[in-house]
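Chains: A, B and C, in written order; residue numbering restarts at 1 for each.
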Amino acid sequence: MEPRQRRFVIIAAVVVAVWTMAPFFWLLWASLMKNADLNQGIVAWLHDPTLQNYARVFGLAGDDEGYDAIFGAQTVAVGNGFINSLVVALPTAIIATAVATLAGYAFGRFDFRGKNSFLFGLLMSRVLPPIAILIPYFTLFNAVGMIGNPISLVITYLTAIIPLLAWVLMGYFATLPLEVERAARLDGCSRLQVLWHVMLPMAAPGISAAFIIAFLFAWNELLFALVLTGGSEWLTLSPALIGVSPIGPLGITPMVVFAAASTLSIIPPVIMALIFQRYITRLNIVDPVTIRGV
Amino acid sequence: MATKQRPYMSDARFALLIVAVVLAFHVIIIAMPLGYSFYLSLHETNIILRRSDYVGFDMWQEALDTPEVIQATLLSLEFAAISVVLSFALSLGIAVVLDLDFPLRGLLRALVLMPWAISEIVTAGMWTMVTDPGWGVFNGILVPLGIVPEGFVWLNENWALFWLSVAFVWHIAPLGAFFFLAALQSIPDALYRAARMDGAGPLARFWYVTVPHIRYAVLIVLVVMTVDAFRQFDLVYAYTAGGPGTVTELLPLQIYRFNFQFSQYGLASASSFILIIIATVLATAYFFLLSRRRRVEREVRQAAVITG
Amino acid sequence: MAGVRLEGVTKRFGDTLAVDRLSLEIRDGEFVVLLGPSGCGKTTTLNMIAGLEVPSEGHIMLDGRRIEGVPPDKRDIAMVFQSIALYPHMTVAQNIAFPLRMARMARPEIDKRVDDVARLLHIGELLGRHVHELSGGQRQRVALGRAVVRRPAVFLFDEPLSSLDAKLRVEMRIEIKKLHERLGSTFIYVTHDQVEALTMADRIAVMDAGIVQQYGSPDEVYGRPSNTMVAHFLGDPGMNFVAGRIAERNGSRGFEAAAFFLPLPEGVIEGSGAGAIKTLGIRAENVRTELGGAGTAGVIEGRVFATEPVGSDLFLDIAFGDSDEAARRLFKVRARPELSVRVGDTVPLGLPADKLYLFDDAGRRVYPR
């Protein structure tokens, strides 16, 4: 490559890096500031970095700035939100991945009458606006007294995420070599044994990717969580974050606390994104045709 | 010959059995609530009197007669248009860069996906740090340089929707980028070499080699981004909350307000069917594109991922 | 161990008829090759024997028992696939042991059998490796091992060598033949490669358009092809055909083609019965190019269109006449490599009567009877 071309490429890469990373940087930056310093402007040297904001998320810090009296409940809610979100996201991801794996296997590996209509149904439920599903759900859950119950949230999440996962896994199963499955049948596997002993291990990257998508969705989602766990002890992380957001409806918590809480909240997603990026690479860049040759 | 031996269960039947189980589950959790939503849209609820009266399609009529609903629908269309254009350009741009050769490319490829993985609330928080008129990054850099006046409000009436789109695009474009990247990487090098031998310059190579190979990727990204723009609630709620005034009050947020703040359940359900209709049209378009997928299985798989 | 019998087996995919009322008897311990061009129904037939496809009509018997209703995992049949189809997430040893694990065999017995098979196929040192670390030939051996380890009644092979390179293919061909001799099981082998069929099979079933065209020993299908399809499909190059009819010229009866008239001895035409003869056939190796000796039924002339030296032999592509039509229907002749001819030369060609074939208007062989 010519030096001029090379310089251009590196500049382009830096632009992409800055665009991607700058917001993360400023969030972290703000989380290390005192609120009074932040109000002077975020673009300033961090002359007095503090971890107090992080401690405050878990109700551990001293009250030297006098906020806890007012905001204690909200910040405690964030701490609980981590646990609640985990309690909701894990079962959601596990159940959704299991159901979607079955559906993806059936759709990806077999032809049957009415397959296209089924697929269209799947797709329709994927593009439905969440708000359209939420209204009837809220009314129903309200009628049976399940508002504030994590099970109702898990159920709604499953409705929203299973179609998508089934779609992803359908694509993945479709790329797996057919003859390996047939070989397993002749080697004495029943249909379910084929799925268990052969197809699942071979689809592991796709299934992991599906699990991550489901977990991220449940971890990040706001609207359902707000309506179905709002004001209850089961408040999940996203609505809890809105609770401490100075830009949210309450709008009075210090930005620095929100920044610290946000920073903590994105640790699991960021780790998963880094793993997921690997799987995306395996889903696409390693050509399935070469796997077929095995 | 007389006795017809019953063959064991065929593959198709086995598949259908699985699908039927999954679908039964699915119908219960999606179709029933939707039906109920339809029922609600035909009734007017009075929470004070705790009664609900059948009013036929009055609520639908009312939704269409309510200027706010029309305005929100138009805003949603505008938001989707801006977002789709921006995210398309951005994801293709990022993909082209990630496909080039430079130091630490592997690291950048890993990092680029991060904005997609985090929540809309944190996205909103980050962009607030950037655009806050008092202490934000933009004003922190641009005010001392004299480019904008002290306390310049980025989220003003004219530009709030735009900045909302920017935040949305920052969050959503990485997946589109990976989709394009996969499409770019699927193009055999030999084709570029052959084109070079045939005397094609960089632009001709892009047009005759690259574009045909990413055509399906382009179509699918467009539809998927549109779908996601129309569904968006979380980011709007967390970033602008519909403001200033109602200039960013998109349809999902407005339906939320109707239902959960103003208790106008019938109107909310009726309005939500506007969204459902838009979604149906998009899904049909999407499905039409995907049914040509035999040639482009790879893109489809990616398309499914991207909708996350 | 067991024989396999197909009775009137038909398979339809939607409107397509893949296999049409096929009946075939495969004896216990026999090595039968299903040979035919792609789309002839041979793989579908194999899949039906395996249980991977269910016949639309007809019966399949294994050792006298009807098995259409038995799922593949209960049939006691092993199969080696075209793509080799090893389990990518398992080691070689795990791949070979898998059928035994599924049969719930005891661990020590499994280990012993895997070791035996590994020794038999010379893959002992590969047992701990992963599939992606193996070469094509090694994979093929492992796939054979996975089939052999179960000691099934019937082995099925679906073009197992087509993904290998030419050298390896020859090697594995011998290996599979030896394996058959050693095991004495029934082998059913699908291929489109006539060399594989001729070298390995006890009997060959030549298939086309979902129908068995001929079923017999390699000598029979090569030497006495029942129709033009079989005659052309076996042999490399396939049999030469010339269209024409029986006619009389200068008092002698013979075969009249557009470009030549070939007198035929009495016995040939008498022997071929009354059927309307339409096609004359002769194999490339039976056409004589060095004339001088007596006793040839006739000599015709043709123009050399192209030459294909292959080292041991020289193949001549002969055109009769100058038309485009003639250039498309080339007549292949095998000559000694020393023969000096150039493109465009006109050469005399001797067609010995005892090497000729005659086919009727339906393509059926009428001579020799």
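One rule holds in what follows: contacts are C-beta pairs under 8 Å (C-beta built on N, C-alpha and C of every residue); 3 or more make two chains touch, one makes a residue touch a chain.
What you see is a predicted model, and the numbers here were worked out from it, not measured in a lab.
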Could you name all chains that are in contact with chain B and with chain C at the same time? A
Comparing A-B against A-C, which pair counts more contacting C-beta pairs? A-B
Using the average of all C-alpha atoms in each chain as its centre, how far is it in Å between chain A and chain C? 57
Distance between chain A and chain B based on Cα centroids, please, to the nearest Å. 15
Overlap residues in chain C, where contacts from two or more other chains coincide: 51, 71
If a residue has to touch 2 or more other chains to count, which residues of chain A qualify? none
Residue set of chain B touching chain A in the complex reads 9, 11-16, 18-19, 21-23, 25-26, 29-30, 33-34, 36-37, 40, 93-94, 97-98, 100-105, 108-130, 132, 134-137, 139-141, 170, 174, 178, 182, 185-186, 227, 230-231, 233-234, 237-239, 241, 252, 255-256, 259-260, 265, 268-269, 272-273, 275-276, 279-280, 282-283, 286-287, 291, 297-298, 300-302, 304-305, 307-308
Chain B partner, complex, touching residues on chain A are 1, 6, 9-10, 12-13, 15-17, 19-24, 26-27, 30, 38-44, 99, 102-103, 105-107, 109-114, 116, 118-133, 135-140, 155, 158-159, 162-164, 166-168, 170-172, 174-175, 191, 209, 213, 216-217, 219-223, 226-227, 238, 241-242, 245, 247-249, 255, 258-259, 262, 265-266, 269-270, 272-274, 276-277, 280-281, 283-285, 287-288
Name, in rising order, each residue of chain A that touches chain C in their complex. 177, 179-180, 182-190, 193, 197-198, 201-202, 204, 291-294
Per the touch rule above, chain C residues touching chain A in the complex are 50-52, 71-73, 75, 77-79, 81-89, 98-99, 102-103, 131-132, 139, 146, 150, 163
